[in-house]
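Below, chain A partners chain B and then partners chain C, in two separate complexes.
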Partner chain A sequence: MGEIDADTFADRRYRTIEEILKASLRVRGRGELTISDMLDRVFLNRVLGIPIFLILMWATFQFAFAVSEPFMVMLERAFGWLGGLFGEAETPLVSFWSDGICGGLGFVMVFIFPIMFLFLALAILEDSGYLPRAAFVMDRLMYRCGLHGRSFIPLLMGFGCNLPAIMATRTIGDERDRLITILVNPLISCSARLPVYVLIAGAFFGAHAGTAIFLMYVLGIVLAIMMALLFRRVIPGLKGRPSPFLMELPPYRRPTGRSILLHMWSRAVVFLRKAGTILLGGAIILWFMSSFPWGADLGSSYAGMLGHLIEPIVRPLGFDWMGAVALFFGFLAKEIVVETFGILYGVGGEDEIMAAVAGHMTPVTGLAFMVFTLIYLPCLATLGTVRAETGSWKWTGFMVLYQLLLAYTVAGIVVITGNLVMGV
Partner chain B sequence: MIIKVALIGNPNVGKTAIFNALTGSRQHVGNWPGVTVEKKEGRCTHRGAEMEVVDLPGIYSLTASSIDERIARNYIIKERPDVVVDIVDASNIERNLYLTLLLLELEANLIVALNMMDIAASKGYEFDTEKLSLLLGVPVIPTVATTHFGIRELKDAIIEAASGKNKRRKVTIGYGEDLETEIRRIEEMIMEDPHLSGTYPPRWLAIKILERDEEVIGILERYQKKDVLEVVGWEK
Partner chain C sequence: MNLRGMGVYALLIGALCVVFGLLEAVLVFMECEIWIPRDLFGGLALIVIGAVYLSGVRELLEEKNEGISFLLVGSILIGVFGILHILMIGADWLMYLLGEVDEFPVVNALRPEILLFVAALPVIVYFIRGVELQSSG
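Moving on, here comes the complex of A and B:
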């Protein structure tokens, strides 16, 4: 038999409703559109809806990147000055202060600004009532791709942090829908990955850095949708249609300054708390590993040994041992990737580190590195949450495995096509 | 005799307000068996008739995919309330009628409370309730729960419906010839099993099977209706 399913029935029911109402309901003053109706006609338009969503997201990243830049430079100079307080790093203690704390932790602190401004822009979109419309527009697309409409909210939350986003999947009633949403959620770029993009895109793509970052986010969404589709098709336990989803759209409102600032501030607090704990810990470990045995050059430090050990794995993608170390520790928290560069390149100051990045990578490997960072592994805390929410080591392990494979594949494609285009 | 009444409707349609208007202070809150979803019950007396009112969860649809929807539909199938009052937000009528059609399919003894008539009127909606009632085949009572407008009429309608004096023609929502052929085919297979067709409305089962409803497919597996499952390509 043909393609008869729940959708067909839903369609016919709405047709019946239309007929019933045509006969029993008269609307006075029909044709008078409210402003909200007019906005919805544009934002929810079948053709324009998704392009508008993409343009708004692109503008969001442009804004976050451009506005934060002067602030980043200022904070960086401040850390540069602090780091130089005790002169050249000749003793371990001075080196710890200037290379570990100011050069490592201080360097990653700078990225609080793009995060704050990104969430400022997202808060405006959310409070104005646009984001639920984006969810509605994406639902159409996602439903066709085998994701449940309610998945979009957790995916959207993933822009902030994948951990609460995965917990938010509890609102999805169907176990299969929920598992799929959990499995693909880490592909959504969380704010911890933003510093990596800002650093590398800034080093290679100049005025187009905002666009490059935006593309990482789009790539994340596209991969999430593709993988969801694949899992639905291929994994026996996950087959079936997603259940239909109805959502109510809140009215459009003028966002209040207070609520937007509050939103931005709460993100900043999350980041500061992370900086005071795991990023500080990461800085200490990395400083220690890169400075000891004391007096050895970087290549023969503990970090160097580790790096050379795992370098062969990522060598085909064009990453050197420092990139390997950065990715290794990035498993603890993605910001540590940037922190690692700060410490290993050991120069201090974003411009100099950007120059160092540009010296260690080509634009193609830089792009591949961004892609790899996007996909390769959820951070440790997220993985723990996945284990708790799925209650299964099997699915957790599966997630690690598929993401590593996918990261390697996509980054590989970037390297190959990039080199072809560049004529290398 | 106590009339068992179930209230059902989408979220945010004023269901709780209707519940309160019907039962006043005579209510208590418990849980649905086995789940932590709240179950509210209340009683009222009207024209000498005693009614027991159950507030079902606010839902948009009657699929098997969420706990709330399963509770609602299993209550209607298994407990067979004497009257089901579907509370409809008149100002969002299109979306709300979706659930109404599903309830008709479940062959519930239905009354539609067309609530929030004040808001609908402010949006310029003018209902021909008699016509609507005719098309749906069930009584339609306009209400404004917040001001208790129409509550007396609703209670009257409940008593009338419970007494079986509802003379309205039974309406079947048609799905078009292509789907109806399939529905009839499966319905006939279901009718062969008197116990199955006595427990569940056969047409509803047929539609749910075509919709690939997991719970219903489970029911057919229990009844070992292999022929039906084969029709929809369901193999174990």
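Moving on, here comes the complex of A and C:
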């Protein structure tokens, strides 16, 4: 037998399955629908499928932001109390405890709740069997935009963490499809960016903060699709049509509480592990840089020196030196952006830090900062994975360059348009 | 429940969803005091849910089983949004207990999504029973 392609093989396989089923099963009466048939008829609908997907994602982010708020306040108060245990931060050791550990690491820790709630909602969507349907619905759009349908799963995984999402591109057979998916994957908002969005959106958008966060996720998807289309059309090695996609849809299931909680807990453990390692390290470095030379004011500290050095690059976007330092260290892990604000502003509590953010930025620059954080660079670990998966420094370097350029351009557009609209 | 009855029910709830959705979205651009919240995306979500309900009305009125699909998914979606806003009221209440907000006006927190969820409850219960029967039999 000669070689046959994957689609012909799948087609023959399904035809055989159909013949066996026809011979062995009693066929339901005409018009008799199962619950699964009914759900698929609407969730996979050509017109309604994508709007339904979008409103469910919007509900997910509203849930993650609004419902987690009181729990964040409770944890924040606990850290505030712990930070004040040794009185005023007059000695380096007390300052290390109150400003570095409780003010920096403690502040970023409160964001464990939106992350847990986000993954609780995503687990419900996944376990119910809806998320694979979302992939199916998005496939038509993605194919037109030059992305392989199978790219949707790694892109979806990117909402959790870009690192395993990039590793998951191994399931894409065609090397060009895979490379494009890797290159655009960091544009999908991972959970590490969520604390930055929650902080800035909370500071500027009040009751509409959930919507602002949702728009950041949508922007990430739109940019990923646009860049994929551009790469497919412009870069010689990536030109061509994506290969066709065939996927089996799992049955709908009622999600079990145990499985959902396990899913949520596993994300919380990932965050806690990160908090105990890289975020703790980041807090110590940032505390040291912002507190020394001891007694000097913040602008003259090592952090201030670094910030003033980078500031001219981001000044046109309206970011000050503190924003520049936050973005610089955000390259290690995106949560460090929030940690940096917690330490540099030197105030305790979410409300106080939000007020400090609102004092240092305008709503327009705040939005531009969110956009820049979304696009500018993946974290160091993800970049290492891109190098390992592509096996090429050239593609890794290309990704860094295009993301920096894109971040600057899109944030610039936000600033110019926003200022025009606001009449600044 | 007969299919025509379901059709009328879907038409009613679908139309209400669209009307409330339009109001929520349009009020963002208007200055007036009304209990309906100003929420562009919340309004758009309600319009989508309304569209789902209304898409099945014709088939249901023609007594075609296929129309039930839209009633089922519309009810799931309004259930999701109703529960979401109830949870958000709970979160607001906790914030009030924590002293983060000065008042907790529960009447203002009652959004159209919650009222529509209550209106759709009979259909939701009907489908839940249907699913249980299908999985047991």
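By definition in this document, the second predicted complex is superposed on the first by the 396 of 424 C-alpha atoms of A that agree within 3 Å, B and C clash if a C-alpha of one lies under 4 Å from a C-alpha of the other, contacts with A are read in each partner's own complex, and residues count from 1 in each chain.
As a convention for this text, contacts are C-beta pairs under 8 Å (C-beta built on N, C-alpha and C of every residue); 3 or more make two chains touch, one makes a residue touch a chain.
Everything numeric in this text was worked out from a predicted model, so none of it was measured.
**Student:** Return first, second, both or neither, reflecting whether A:Met74 touches chain B, chain C, both chains, or no partner chain.
**Tutor:** In the superposition, A:Met74 contacts chain C only.
**Student:** Answer with first, second, both or neither: which of chain B and chain C does A:Arg12 touch in the superposed model?
**Tutor:** first
**Student:** Determine, under the contact definition given at the top, whether A:Leu21 touches first (chain B), second (chain C), both, or neither.
**Tutor:** A:Leu21: touches chain B, not chain C.
**Student:** With both complexes overlaid on chain A, does A:Leu39 touch chain B (first), chain C (second), both or neither?
**Tutor:** In the superposition, A:Leu39 touches chain C alone.
**Student:** Using the touch definition from the top, say if A:Asp174 reaches chain B (first), chain C (second), both or neither.
**Tutor:** First partner only, chain B.
**Student:** Using the touch definition from the top, say if A:Gly359 reaches chain B (first), chain C (second), both or neither.
**Tutor:** A:Gly359 contacts neither chain B nor chain C.
**Student:** Shared contact residues on chain A for chain B and chain C?
**Tutor:** The overlap between the chain B and chain C interfaces on chain A is empty, containing no residue.
**Student:** Along chain A, where are the residues that touch chain C in the complex?
**Tutor:** Within the complex, chain A contacts chain C at residues 31-35, 37-39, 41-43, 45, 48, 51-52, 54-56, 58-59, 62-63, 66-70, 73-74, 208, 211, 214, 254, 351.
**Student:** Write out the stretch or stretches of chain A touching chain B in their complex.
**Tutor:** Residues of chain A touching chain B: 1-2, 4-6, 8-10, 12-14, 16-18, 20-21, 23-30, 173-174, 177, 240-241, 243-244, 246, 248.
**Student:** With touch defined as at the start, can you tell me which chain C residues reach chain A in the complex?
**Tutor:** 39-41, 44-45, 48-49, 51-52, 55, 64-66, 68-70, 72-73, 77, 80-81, 84, 87-88, 90-91, 94-95, 98, 100, 130-131, 134
**Student:** Touching chain A in the complex: which residues of chain B?
**Tutor:** My answer: residues 12, 60-61, 63, 65-67, 93-95, 97-98, 101-102, 123-129, 131-132, 135-136, 173-176, 178-179, 182, 207, 210-213, 231-233.
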